[in-house]
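Presented below is the structure to which this report refers.
When the chains are written out, they are named A, B, C and D in that same order, and each has its own residue count from 1.
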Amino acid sequence: MQAILDEIVATIGASDDRGKVADYIPELATVDPNQFGIAIATVDGQMFCAGDAEQLFSIQSISKVFSLTVALGKLGDGVWQRVGREPSGDPFNSIVQLEHENGKPRNPFINAGAIAVADAILMGHQPKEALAEVLQFVRFIADDDSICFDDKVAKSELATGHRNAALAHFMAAYGRIKNPVDYVLGTYFHHCAIAMSCQQLARAGLFLAADGRDPLTGARVVLPNRARRINSLMMMCGHYDGSGEFAFRVGLPGKSGVGGGILAIVPGRASIAVWSPGLDTVGNSKLGTQALERLVQATGWSVFG
Amino acid sequence: MQAILDEIVATIGASDDRGKVADYIPELATVDPNQFGIAIATVDGQMFCAGDAEQLFSIQSISKVFSLTVALGKLGDGVWQRVGREPSGDPFNSIVQLEHENGKPRNPFINAGAIAVADAILMGHQPKEALAEVLQFVRFIADDDSICFDDKVAKSELATGHRNAALAHFMAAYGRIKNPVDYVLGTYFHHCAIAMSCQQLARAGLFLAADGRDPLTGARVVLPNRARRINSLMMMCGHYDGSGEFAFRVGLPGKSGVGGGILAIVPGRASIAVWSPGLDTVGNSKLGTQALERLVQATGWSVFG
Amino acid sequence: MQAILDEIVATIGASDDRGKVADYIPELATVDPNQFGIAIATVDGQMFCAGDAEQLFSIQSISKVFSLTVALGKLGDGVWQRVGREPSGDPFNSIVQLEHENGKPRNPFINAGAIAVADAILMGHQPKEALAEVLQFVRFIADDDSICFDDKVAKSELATGHRNAALAHFMAAYGRIKNPVDYVLGTYFHHCAIAMSCQQLARAGLFLAADGRDPLTGARVVLPNRARRINSLMMMCGHYDGSGEFAFRVGLPGKSGVGGGILAIVPGRASIAVWSPGLDTVGNSKLGTQALERLVQATGWSVFG
Amino acid sequence: MQAILDEIVATIGASDDRGKVADYIPELATVDPNQFGIAIATVDGQMFCAGDAEQLFSIQSISKVFSLTVALGKLGDGVWQRVGREPSGDPFNSIVQLEHENGKPRNPFINAGAIAVADAILMGHQPKEALAEVLQFVRFIADDDSICFDDKVAKSELATGHRNAALAHFMAAYGRIKNPVDYVLGTYFHHCAIAMSCQQLARAGLFLAADGRDPLTGARVVLPNRARRINSLMMMCGHYDGSGEFAFRVGLPGKSGVGGGILAIVPGRASIAVWSPGLDTVGNSKLGTQALERLVQATGWSVFG
């Protein structure tokens, strides 16, 4: 395994064609595109790392997996009154679908859906409390209390996030956002600004590879059925309108973020985190996807056979 | 396994709430909604059946999996010049997406995509020849030369299929259909009118569960990588705008048809066919989906853990 | 003429089927639906009134004609860099069109377009200054310094206007709003909250019937060509996705507001204001439209022959 | 008047920037783009011509005005069960709007709408009879029995008209086309292939400028109210998604065709036909529009003041 990762870092990690770093969030635009890290946490307790696997990066939309898990913990299936669970066929920030479906987002991983999930978590709380809850959950599943928000990134998003503000106000117009729009956006932008390393992120995803239980601590995080369902959502909707392509090439449930990270789950085996800041045209890490494709070829880990 | 199937037939198969038989194809509207069959073919050569598992039904869109496989055999990755591989987020017969994407269908399993695949298979042939090729392939993978088209169903579709004619002409207007529209529609409607039983269908899908090789005859049907990719397309796009729901509830690659059949693949283990004519609101077999959900709960066969 | 108006008030004004008062702006929802007023100002200086023609009402979107005129005075044809001049074919508050056209509103009379116009007027000013300018202009063309904003209505809109906030943020995301979104919305909501009577409104529109000159004071308001063009925009886009219906039935350039008012222009002859709070299904005054249809039948004032 | 036309031919008619001749209908693609003609028929019986005003050209979509008039004569307001009367905001051949509105075209002047009108005319007849009726009507209003179809153009369209075939099948799928699709398309393509000169066309439109009566023969063609309504539809929908622009610049009801012709009506005064084969980006005659703009400036004939 370590040899495979080393080979991936040496070849793909050194590619010239690295994609384009997200520039619509000013703080992210400054990240050095030449970084590349990968980490694999296995259900039997091993951790393999290569490249910049300990470097912190902004997990951005990968946090939507964690906020969804928190929301499911609080509201159970009530979450599905607020967001659907179908792929959207549209870019991550499309508002067209929202108008056609009366303000109900297609799934929890497009921006509108994650904003609706943030609203669900907030219910009856201040943004600080909701955020503390999400952060506490991430620290719990990563078994690492050093994980924090990157305030600079959160503020950078708040200042420029007109499109997300439009989505939130639009849902509010349909009565689908119950808390003040400012609170909801603050919560959303902050949980997207959690900073983690590949190593921490792979560790945090392990419960999804192990039927909902943390295989190292033995702690039950979610029931097996819920872990399966979260995995199915990652497969179907985890890469926006590139989800089909990711399933076709990689064949694992995964969730990408515009910070260049991807979390992928191998049910029963492992949790993988990869990071390379450059993005492809639909907003997913270009080298990260290639690395996962190579890894799956080498390991036979595709869920599709 | 047999006990599980018997229990499913006794409970779900006897449900009162059976959905609505498709009525837009006159010949299908006459099918008795009270039928229910299920069959499982395992990669180690066993076959389990229950209910009306030997009753022939119209496989309809399930045939798209087979026509895609034939087209991939002829054109290889050239198929992807003609159709995409992303979920569409739209109903099976939507034309909106086609206009937004200049006549290129999102994936090979929506109607427009399967029509484009039929055009690809036709290239340089008469419809009869193309259809013979598809039928021969289905007989080969099912190891059963008795499988035939149901001409009455094919003609019933031809007479009423204005929407599919619209899709075909629309793609032709973008230069994406190379053969006469009549030929293409004839080919498409006929391969949708293949009649099979659950038992035959489960047998036919076995190569997708066994890395592309027929585990009983040992014949190589497709390379392992292609089998995986077909499975990924079934997962992402196999149930139209109910694909997310099917992944969430069942967690297997599957393809439904408006005849009420579903083919589901358990990579490395088995191929499952279920049939109940009544459909849910998005056009997938209502009891068939429930049966697969129950089966996966009982067997733990979800690919998601 | 007076007899025609009296007859309209007695018949149409007394109709039982009055439509539905707008309820999404709380302050408007409290208006008595049984009111009905009509006023005609002719270019030769006569004024005919009937019904509640002196009752103040919220002119709402009718103000978009005046804010557009102010913006054209400041930016000239630069306004058309910011908004188009085609009918939208969509409801007044649709966001779909905005996404398809990269944040540029189709015309200045849908909400998004009027918000973009408000942004254009603001440029370099505080909302108070911009609003003073619009109000001063309305007082000037109405020759009446008593005209004011209704602050309660403006605040009522601000508190509930999530959809307009969504439109504004959405355009800001495309770089099409240059001022703070709060300023722009404040300006927009306030100019929509101008309160006028039919008599004042008919008087205010007179310059559009008289080649851009106030025929009573002799003051040049806009050049003849600009008056014609504003009239053309009212004809094409003045009633949202009911513009075709209004042209078909009434045949005059007109602009409606959800307060139940309509301003209609008879080029070369007269300016007409009608008010009845109940709206039809696309948001235009139900009895107001009927009254104009009757008036045009009686006078032969249609521009279409 | 003659001097104005001569000046227009000498300046605009000689422009280098002539737009692009329609190339999707092969027969039209061969037309010499350097031709330019204009003709004005006044209600008091004068005819002014300049340039290639006697040259025959394919009137294409201008024929939709005449087929609508025939359909209104046969079905009266029943026509509005089949097509709406709102501008579409979409290109002339869009299918998106049809799906959103269950197969009912927005107005009779987009292609789908004119196809629905052709279906309405056909009812109970062979295409030959329906076409004879339309041609007879055009000869009647033009007072000229020499007017004919250009069969080569009609066949050229039939062979390549996949998009219109898609629209027709799509409406048939919603039950909105009652006759065989082939019949409907044949009727539609043929009436679009009527060949007329500017002089004939201006003469033919005269009844719309004269309250529905032919001012030269005294024959009543339609009632005054119907003439007004047809004019309103030409204003709102006569130039596809360039209708707003045409109203803004020209200010007359008008209908364009991809053959490069435009018919414009000055209610109470005149009927104008202009022809220049090169089209602008939305499919309307480039120099034809400029010529009308100049003419209206010179004559003050805008309906907007």
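Everything that follows uses one rule, which is that contacts are C-beta pairs under 8 Å (C-beta built on N, C-alpha and C of every residue); 3 or more make two chains touch, one makes a residue touch a chain.
Just so it is clear, the model here is predicted, and its values are computed rather than measured.
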Taking each chain's C-alpha mean as its centre, the one farthest from chain A: D
Rounded Å distance, chain B centre to chain D centre (Cα mean): 47
Approximate Å spacing (C-alpha centroids) for the pair chain C, chain D: 32
Whole-Å separation of chain centres (CA-atom averages), chain B against chain C: 55
Contacts with two or more other chains, residues of chain A listed in rising order: none
Inter-chain touch pairs (all): A-B, A-C, B-D, C-D
Residue numbers on chain A that touch chain B, as the complex places them: 84-90, 97, 106-107, 208-211, 224, 227-229, 231-233, 235-237, 241-245, 247-248, 251, 253, 265, 267-268, 302-305
Parts of chain D lying in touch with chain B, wherever the complex brings them together: 94-96, 98-100, 162-163, 165-170, 172-173, 181
